[in-house]
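Pasting a structure here, questions to come.
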Amino acid sequence: MKIGVFICHCGENIGRTVDCPRVAKACEWLPGVEVSIDYKYMCSDPGQNMIKKEIIDKKLDAIVVGSCSPHMHEKTFRKAAVAAGINPFLVEITNLREHCSWVHDDIEAATEKAIEMVRMSVEKVKRDQPLTTIEVPVTKRTLVIGGGIAGIQAALDVANAGYEVVLVEKEPSIGGHMSQLSETFPTLDCSQCILTPRMVEVYQHPKIKLMTFSEVEKVDGFIGNFTVTIRNKARHIDEDKCTGCGLCITKCPIRKKAYNSFEENLAHRPAVYVPFPQAVPNIPVIDETVCTHYKNGKCGICVTVCGREAINFDQQDKLVTEEVGAIIMATGYKLYNIDKKPDDSIYKGYGEYGYGKYKDVVDGLQFERIASASGPTEGEFKRPSDGKEPKKIVFIQCVGSRDESKGFSYCSKICCMYTAKHAMLYKHKVHDGEAYVFYMDIRSGGKMYDEFVRRAIEEDGVKYIRGRVSKITEEDGKYIVKGEDTLAGMPITIEADMVVLATAMIAQPDASTLAQTVGIPYDKHGFFNEAHPKLRPIESTTGGVFLAGACQSPKDIPESVAMASAAAAKAMVLFGSDKLEREPVVAKVSADLCAGCFLCKKVCPYGAVEVREVKTRDGVVIKEIAYVNEGLCQGCGTCTASCPSKSVELAGFNNEEIFAQIAAL
Amino acid sequence: MEAILKVGYFPGCSQTGTAREYDISLRKVVENLGASFDEVKDWSCCGATSAHVTNHKLASALAMRNVMLAEQQGLDDMVAPCAACYNRLVSSQYEMKKHPEVKQEVESVLETKFQKDIKVMNLIELFMKIGLEKITENRKEELKSLNVACYYGCLLVRPAEITKFDDAEQPTSMEKLVELTGAKTVDWNSKVECCGAAHSIARRDIVVELSKKIIDDAKRHGANVMVVACPMCHTNLDMRQTIMKRVFPEYKEFPVLYLTELLGLALGMDEKELGIDLHTVKFNYNELAAEKATV
Amino acid sequence: MSEEKWEPKIVAFVCNWCTYTGADLAGTSRLKYPTNVKLIRVMCSGGIDPVFILKAFERGADGILVSGCHPNDCHYNAGNFHARRRWEFFDELLKFLGIEEGRLQFSWVSASEGKKFVDVVTKVTNDVKAMGQFKAYKDLNDEFTAKFPEPVLNEKEIIMSEEDAK
Amino acid sequence: MDDLRKYAAELLEKGEVAAVIGYQQVSEKRTKPIIAKTAEDCAKLVFNEYCLNNLAVYLTKARVKELRRVNGAVLKLAITAKPCDVHGIVALIQESQLKREDVTIISFNCAGVVKDFGMDFNGETLATKCVPCDTHKPLYSDMVFGEEKETPKVSDEVLAKIESIEKMSAAERFEYFKAEFDKCIKCYACRAACPLCYCQRCITDKTIPRWVESSAHSRGNFSWNVVRAFHLSGRCIGCGECERACPMDIPLSLLNRKMVIEAKEAYSYISGRSLETPTLVGSFDVKDSDELFM
Amino acid sequence: MSSHTHNHVHTIADDIKDKTFQDVSLCYQCGKCSAGCPVRYYMDVAPNKVVRLIQLGFYEEALKSTTPWLCAGCMTCSSRCPQEFDLAKFMDAVRETAIEKGVKVKDKDIITFHKAFLNQIKSFGRAYEVGLVAEYKLKTMHLFDDVDSSPGMLLKGKLKVLPHNIKDKESVKKIFKKTAKK
């Protein structure tokens, strides 16, 4: 076997700490190595051409490229090898950059390590087997999880391109948090006015199957071939019969038992309700937890008033299965809840701000509802405790954000902007009111964003104070806010009528559970992880699963929409061909040696191991052995490590290859 | 017959002087509840606060000397009724656990090796260990006329990651204890505000101002007595009322009790027995109850 | 190899999706760690056979790290859960047989934990350095090589044979 | 005894089973396995405290499996099994080596067996495996013979030895086991005697790549013994046949027992006790201990 | 101890880090500490600004400030700091450094009190309040300040006239000796 070794300097990146010529020279003497050379940029065209030329000239059988991480350029070098007639799986990448030159200072030690690393790769490549890629079919349908603005945008884009979409939303209506907002920054246009047409478009789109009040329960399969089980929760109202007239809602006698979560608990709702007047679909839901019927079987006024006989108290949850090829995650965010005390929460909470015991200390979304013309106060600024117009409002930024101690280390990104908007909206309506904003930094990068904040300060007279608030106490209906202006170096105490906390944007509480269901990684805060922070921000590391909006990290509306369109485009790229190529890293059982203990079957996360009967000529079963369905196998190799007799091997990472690497240490 | 619960006891300097009544009432109450103390023999000052504000090595070593003695005496836990002592002891233990170099240094100064993890308790944790039901069982008197402002001060609950026994901002454990006596508690703002503690002698101006703010807040929220669990707080809040009276002519005296004294009253002991007569501001439950009844 | 020049040989078996990528992130972030550790990439921590450990010790490894995705984060959903049980037994067995604690260590390092990767690798290196050469296995290996000496070709011989070929 | 012989003969007669795997007496204090295929064979069957072998090992042997095929039909096998041997059968069923309906289990109430042939059965000579045994009645069976008897109480020497080893330093432990393993002559009698070592080709026989060095030297011996013990971790039913089979008297029970204890302490699992619970190896619990991992 | 390469000079900031195990760079100057400080009004420099001065290397200004001496050690700042910077501990270290460097402290009474307190412990093993107050008053010349409380306290037996000795005073003296500053 003739092996070629190619050491890349990566400009200075590897060359600075690894003596590349010396590595190349040392590798010349490794058994089996025919040629070993170094070059400035191996991934460049001349670099690749050099590899190709050497392969052809020296009749190489396999190559080792010492360069950056295989996650970066493995594909590039495999392509080059294929062009020169080598099977792409006879290419090994030695990660000299991320795992050597970048993490070490000592040139001598790093060079020694580099030589050893290449030696390990050479030993592995000797045992590599030529493999052929596996082709799998593609189901050209998309599942979008989450019906906020990101999910709506993604669904519309995919559907408008002519592919079917299943849009799943766990609430009774699509619209998400955007439907709760009063106005949007930096234009101050009405949020619902721009959103509702999109919601209706989704509802009427022939290619979109809308499933509200539904949740994804199970995801099986893999890129191009997912089988998704969706739980359609019982509304107790027949969706086909209901016309959305709303009579049941107006007649329902239970008016004060349940808080209206759309109004951020600032108002009540009946037992049968639609979240908000413009809900899509405009079909109510009966809340079992408060409805009298579910308590004692009585009432039933809604049944009497419904002309369409749409009320069905006995309706059960339905499980629906959908086949899709791509999944777009658009599950959005929640606001950090300051009501939480340490015991029952992952975050520690703000006791110094009263853990939410003061009624007039509200969060950003509550203030949106108070400011909204369709909100509980019909757009009048009234404080929750006594309905009086607040004459002095204190806004506190970074509550839960940038707080390692009681919240999260990250910046929630949108609070600077929406706080400026809040203060502005307040000053526009309450001209004699005073608005104070406690901030640490103003982060207003974006088109017309900083101008917007300046407008709040310069034109609307909002007072910005640089400092965090230490404590809020209540005295005779006033809220004593103790802060420090760190610019003036002076302690400041404000007696406010109302306090608005710009609380952190956090991941949905069940985001990690959903991530586990779908099989994608998430960070310590519960936000879904992208495959690469710069170059693959839309994809998850799991093939066929894409991310849109604030489920990946805090985002504002334009960013979420942009990301949603990008995710839609990614799904459509997948649908561009009828077959998908998959790496042939799959397990294979040796039928002769398998003893049929089926430990592999027990440990396989994908159910890819099947039972095969071995029969005699006369049809008598003499034994049962394991067989790997390569369409289902994802190549983790858990079976190979579990097999006691070592009768199953993972192509591309077989035990011989690993032993060779160990031996080369 | 139930075995008598034995608990290690680190009185702290104040307990032998300015806070003598705290010591008296604590011992009486604990005995009444069927537990007994095993005093750390030859204990010395914990170092609060002068040591740790001027020499961090000295501070750790002084505090840990007492933990060392407790360990040598075979104790598993000990109660430090003074919040400052408690804080110094647990903080020093925490530092040693977190930073091996501190442990090494303290061990070399004290010429010892720490083997055990002695649990240092504050007053509230002590009663939790003894069992809250014991208080209800042995209660003789329901102190219905009291509206108590529970004052935790700074050092009992802070820093939360070290003391780990209650919420640092909105603690409630003392309220739970006080309510067992039949007294009512008030929700007020200054539970964990600082009284000026260490400045008691050198900067009495500060102490008087801070303490008065706290007392005013308690009064404003309808309390007729304040309960504390720290001799330093008591010195500032009770004794400094003499100055408050002198500087603010309208100032009305406000009784400040140790938590143990309140429990003692509920357990049927009288004010004299508990040493309440040693306070600057007079307190007599029956008088207060009678006064309240007439209002 | 003289005693003072001794540097421990450490192998890390890491999964492709989390720890290997985490190590990539350590590189991208230009964090620094000792050069002693060499990585062997497998697809999943569930695919690491305990015999790999024995093989590595036989090949003179002084310390070994096995690292995968955090529980619930496995790219393959459950590979690391199976690995966790497997290692629990294997570690217990090795300890019982007198393999010093610290020779074989385990960690979960996610793709976003470049810093943790550095911390873990540095810790393992320091631990192993503090323990010194792996006496137990070194004796076994020395005995083996004494019994079955490997044919050693030095560079000179290879050159000569190549020249001969010409 | 007559009941047993009669029952076995009947099974054969009715054509329900192809053979009865059992014990026959060879001398006063010694038995050996017999595969009874006729009524005469059945007349030799015995059960007493000299029935040391775990006959479950035969159930996976190709030769024995072959017996089931009689005139084109596939019959069951019957096996006489002590309650502890039933654990082995359960484990084999769990690991798909056997179907419950393929085997007729004839079991006994058991009060223990002797350490070795030729010994008198009294408290002193109770077999090591019987000392910690808590199964004196079979958990699964098709027929049970024998009266319930008291098991002698004997101190648990293996456990004591394990505890004493755990008190040693790592280096001492290593030296101890190295010396023990050095006795190994790689005869693989342990493997042959083990009912759960049913692989068609053992890992140690695999040559590409070579997993376990097979020549006899300390390193290969160490690896083999680690691999053997590890492959039985969470699976070993503690029948002690490996140790009894070992011609070099390597204390294999120490390792097996240690891992049995580990399985019980860490996962509350005892192998071969229930057909309903999933096997320990091959399943997991998200709440498994995470202590090992940084 | 802090590890630095390239001939790093051991600064006061490093020294404070060694004493407190935390780096001053943690502080991002939000001012929450100052906002909640009960004695903020008496201080000449806001607590967060003391950290800032150390961050920037204005050591003299930081060490001369009365702020560390007025700090009551109530730990309100530490428990509310979003960066989990233990400011109370930092203040302890600043005071300690100020003493080591012989910086003249404006609020002399406080330092005199601390010295008097430690002297008592050094001599008797426990705080001896009469002695403490007497020593403090002699040194500060505030001879008649505490008349409103002390005599009454003596009568009530709250202040002991005789010092309360512990048996093993030597062991405490040894601690002082071993931890003494060079």
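Brief remarks on what is shown
Order as written gives the chain letters A, B, C, D and E; numbering starts at 1 within each chain.
Convention: a contact is a pair of C-beta atoms (placed from the backbone, for glycine too) under 8 Å apart; a residue touches a chain by one contact, two chains touch by 3 or more.
The shown structure was predicted, so the numbers you read here are calculated from the model rather than taken from an experiment.
Note on connectivity: the fewest chain-to-chain touch steps from subunit D to subunit E number 2. Least step count on the touch graph, subunit A to subunit D: 1.
Relative to the centroid of every protein C-alpha atom shown, the closest chain centre, again from C-alpha atoms, is found for A.
When the interfaces C-D and A-E are ranked by C-beta pairs in contact, the top one is C-D.
Relative to the C-alpha centre of subunit D, the farthest chain centre belongs to E. Mean C-alpha positions place subunit B and subunit E at a centre distance of 22 Å. Chain geometry summary: the mean Cα position of subunit A and that of subunit C are 33 Å apart.
Spacing of subunit C relative to subunit E, judged by their CA centroids, is 50 angstrom.
Once the centre of each chain is set as its mean CA position, subunit B and subunit D turn out to be 64 Å apart. Residue numbers of subunit E whose C-beta contacts span two or more other chains: 76.
Residue positions 168-169 of subunit B are each in touch with at least two other chains. Of all residues in subunit D, those touching 2 or more other chains are 203, 211, 281-282, listed in ascending order. Pairs of chains meeting the touch criterion: A-B, A-C, A-D, A-E, B-E, C-D. Across the complex, subunit D is touched by residues 50-51, 54, 58, 71-72, 78, 81-82, 84-101, 105-108, 120, 123, 135-136, 139-141, 143-144, 147-148 of subunit C. On subunit D, the positions that touch subunit A within their shared complex are 69, 72, 74, 95-97, 198-203, 206, 208-211, 231, 278-279, 281-283. Residues 13-14, 16-20, 42-45, 47, 49-59, 61-62, 65, 98-99, 101, 108-110, 153-155, 157-160, 168-169, 192-194, 196-199, 201-204, 206, 210, 239-240, 242-243, 246, 278, 280 of subunit B are the ones touching subunit E in the complex.
Interface of subunit A with subunit E (complex): residues 352, 398, 402-407, 440, 466-471, 482-486, 489-492.
Note for the complex: subunit E touches subunit B at residues 1, 19-21, 38-39, 42, 70-76, 78-79, 86, 91-93, 95-96, 99, 107, 109-115, 117-118, 121, 125-127, 129, 132-133, 136, 140, 145-146, 148-149, 152-153, 156-160, 164, 166-168, 171-172, 174-176, 178-179, 181.
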